[in-house]
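Below you'll find a set of structures to go through.
Two complexes are shown next, each including subunit A; its partner changes from subunit B in the first to subunit C in the second.
Up next, the complex of A and B:
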């Protein structure tokens, strides 16, 4: 019975999208874009929103989050907001309001264009939606069918960024909204760029963000992406990040999830499309309250001599629930692959649940691949050691959690970001034991 | 001039199955096809009570309802369930007391397999319940076991003699609706072994059954039920070889283990069924549901398996750790070569307090073999201080094979500690070089390394089996390594 009710409410949002697509004016789009959208829409309309029957979503039921009567395609807003949530971060600031860029930004060596403007350029068709597996990802397909707002970040050849780019996503949730931003990053040959993304939410009505980022790292280029997902409890963030690396490139992803966003679901897909690439994926999820965090990563080793390293750490408090699913795929041609993956979890509450699913799929023989996964609590002996040194229960626990998180926080290359994240962890942990 | 490694590789990886032969005995075969009448036929043939027939029919109903599995990472072969004969039994119905009465051809088959029944009595401490196709034809050492009050017989015999135990425990661990193949087994199971160890009895010998699929086109549907009452101990061995066939044969067995308080069950398998020829033609489909439950406190169930045969192996011996401080173990070596597929692993459900589990899985892939570990460690919210350690290693030999790991880890208790690690690699050239340098040729060096690699699991096997398992590993593997 309960299922039946869920079905109808999910269907209703689904129906709204179906109807919306039919009405939508497509005159603005180029022919190639229309065809991409049509394919994506077809795939979404076939599958609908994911259910727990899909392997990729078996631990995460999105149906309860989709019951709201969302406004589907809110435009940007003109109300001005200048707010830097990461103190002392020296960066080129970009503010996206509901995914929309209002002000021009000029950054040496980097072209930042609103998506609508950039779409007039036919060159984008070699990038946009080219690698993202839409068939298997209904949310990414939905975004592709509907996105209106977003930006394109394109570096010049051999341009080395002097400062990071900081994108602040400002979402206005004075009414229930469903927002679908799209970001395309193209790092041309030999360039280097650091991108930091953070979230600010104004208003306390349900907010559902279904975003897709596509990142192309050309030969000898380097891209560092920082994704800081710290938002209030009314936020639901579903994010798909497709990365394509060409030969000799370097890609680093840093993902930090802290309370209170009710739902955070990330898909991070790496296609290693050339030899001698290097990729590092670091993540921390500190989940509290009723939070549900769900991280799915896929690293596709398609060419020989590539290196990938992945480390995700989780701390679970209260009634939170976390899912980690990491997949390393090594194709038959990808000899001499080195691929490592590790996921460690600390459960600090008996009501918290953790699911970990590290996977290896290997078709080449001359490889070194390993993965490890642990779930446990704070080491009692270490705790005792600290007690004997006169450190109290709470302080000792917090110290242990900080030390646990250190493995991923010390990877952050931008001092201001690192300081910000470390402070948030200390703050959250202090709160947790009050 | 010594053969170069490529030659050795070719010679051995092409090596065909050594135990492929067919024994000619008149079979009592049911017509092909699956329907209610066949189930009634099997049930009537065995003179079963009404409740068992009804249970079979429920299993059949569940089988019809379940869709084909779709989650595996290999292509699922289309199986025509109507093209299988579900009952085959040697025609002679007489019970043998004396070995001389047994069909000489049957004895010859066992001798070719290296398990001469006539010698089994002399061989120390092994009672053999030989399952030839589906019906038990000879049971030895019954007298010794009887002294201890141990029941070791075929399931059909147990249905007649101990209906209360069968009715109480059959399907209590693997319900008829568990999965498609368990449902099929429930509906048409032909026979199998039944073991009951009474309270406080330590079974004085290793119990063992040899399975052998003999008649072409006859799927074997074994059902094994082992009950270890409070404080008892039993070690059970299961080993298989099958004759060569060109058509795929399906084997969907169910094994249920019940360990009560302080009881321990050790279940060991060596599986060497016909894997198909080097193009993957023929070969057995081995879809087995094995599960044990630790019902009482401090109970222990240990699974050990050496899997070298079958075209497709699909089995997950699992343990439900319900009693407080109970423990489960899973040790596995799976070898695939040519076009074999092995998808195996375990499920450990931690329900009781202080439950422990240990999983050691060693996969070896050669040729075009695909080897997957698929497992689940689930810690419930009441499993205080539960502990799990999982290690799954894969060894790749050749550039067209695959090794995959799909573990699921779920914890609902903060005092639980779960560890999982997996590695995939090939045999180190430095290791081989080191051994070469000591005058050990490459082939032997590889055998040495592989045996060392699998040692942790082979060590778990009882003596009698360890020898056979090592022999099997060398036949299957030694040479397919370059």
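Up next, the complex of A and C:
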């Protein structure tokens, strides 16, 4: 009896997905896609949604967020939105509504295609779902089994983007919705592209976004990805980003999480599939209210002479909770690896909690690797210095948080984005001590 | 302006100040000298409200207000300024943003509106010039990567910008070469007026050749054991501190 009740409350969303997959019309998929989806579905149906018993989800319990009566596969919507939340950003603008691209976009050197159209092309099977570890990641598997909407961004060989590509994700949450967008980025040999993604939520009903991005960086190519996760409290964002780098490529990831999305869980996985690659991962989570932010990164050094550097900073306010789990793996063949990782946190509330878990797994013997993690509060000497100049408690803390975040905000290469993030930090901090 | 009576303070369980009496009037420069560990920097810390210092007795009246009851920021807003012996580096906070925040917080305390951007810029330029502070340091992160001399010059630049009534210079001469010492001292001398006052804490007489004090006090074992005019500093330079220590020790034993 008790078991039966448990089943209906905790597995209902799971059951809905299982039923939905069986009913699903699959004729529109290519055979290769059906096969990928079936494998992914099998993996999801076996594991179900992650629980805190899984090591990768030890600190993040998603169960409470999955109890809503979600509409599972909402389509796009025709209502227009032309508001750019990042002032003065000079970029090619794309708006995805519930993950769907309505219009064609023409950008010099870059092809942006709605996923549905792109899937007709068999070439995609070399990329789609190829590297993402679906077996270990139930959410990514779920997305793979069900995704309908999204885009494919493909650069021409040697095309150097003159402006960033800005994707505004507009989510319509006038009813509870569960949305699963998919983005595929293919940067061909010698090309360079900057992609900025931001979120706009319309409506205040529970929104659950389970998105997957796969990014292929060919030889001598460069991809910069900016992921700005600033959304209202009804938003729950679970994101898996699989990056594959070929030799001599450069990949930069910039991730900024600010209040108030109730849940942000990011997995960022880098496979360094060639020699002489360079990768930079910068992130800031400024968590407030009841927010739960969870960053999981993996950098797989598989070839010699690669460099990776990771810096994530966390500021925790109110009742917020953050998780940082960073893993660097250096394979036996990956000699002369330089891999660095650092995670620093400041707690500004007695009720906030942070779990930081840096991990190094090294199987090569000629490498330079380091990792470190700190949790602390604001430097008292510095606060006193500011006080002796007449700067009060609130202003002093705000200055110190700006200073703390500076190490990751000053890495932003697009001035309009940097200004936007810095202003959001100041705004949030001013609000926090009102 | 400042009246210190029987000021006693301790850190943890150690009594550091054992009854300081000092009267500072507008327009005066007081030098406080003394050997290491005599309580010179502790006096500066207590006056500016540093944590960990517990006042056990005595009073400090600043322009009619009980200074010891005010928070560190309110003391600053009332017009007390401390030039640090070891200025803090704060990477990520630009010097200029820091100064603007400080100036406007002080103005808000006195119910004045924030300073206009144009006026702030004008003031910055004027004071930079006055204290010979390198303009390109103004936009850098606060003290980050500054040399010892640059940090001290920045303290004097801040002093010039905030225009306090009472400035306490805590061993501002330490770590300065002769050129930096001259620049810092010139800055202070230009800022001296009949409306403000300075307490210059120093270990050596050298600084007092540049910033000429009206009074010199010798601090030893938490008390002012001798006061005089600038000639006292010369005497100390010549004889050292030992002759000062003798009577104090005897007195405390007796």
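Rule of thumb we're sticking to: the second predicted complex is superposed on the first by the 426 of 434 C-alpha atoms of A that agree within 3 Å, B and C clash if a C-alpha of one lies under 4 Å from a C-alpha of the other, contacts with A are read in each partner's own complex, and residues count from 1 in each chain.
The definition used in the following text is that contacts are C-beta pairs under 8 Å (C-beta built on N, C-alpha and C of every residue); 3 or more make two chains touch, one makes a residue touch a chain.
The structure displayed is predicted, hence computed values, not measured ones.
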Fit-or-clash call for subunit B and subunit C when the two complexes are aligned on subunit A: fit
Contacts of A:335 with subunit B and subunit C, given as first, second, both or neither: first
First (subunit B), second (subunit C), both or neither touched by A:348: first
Touched partner set for A:375, first subunit B, second subunit C, both or neither: first
Subunit B versus subunit C as contact partner of A:23, first or second or both or neither: neither
Most subunit A residues touched (candidates subunit B, subunit C): B
Subunit B versus subunit C as contact partner of A:104, first or second or both or neither: neither
First (subunit B), second (subunit C), both or neither touched by A:404: second
Touching partner for A:363 - first (subunit B), second (subunit C), both, neither: first
Minimal inter-chain CA distance - subunit C and subunit B, angstrom: 15
Footprint overlap on subunit A, comparing subunit B with subunit C: none
Subunit A-touching residues of subunit C, taken from the complex the two chains share: 48-51, 71-73, 75-77, 81-82, 84, 87-88, 90-93, 97-98, 101-103, 105-106, 109, 141, 158, 162
Interface residues, subunit A side, partner subunit C - complex: 379-382, 384-393, 395-396, 399-400, 402-407, 410
Residues of subunit A touching subunit B in the complex: 55, 332, 335, 345, 347-377
Touching residues (chain side subunit B, partner subunit A) in the complex: 71, 73, 379, 381, 394, 396-426
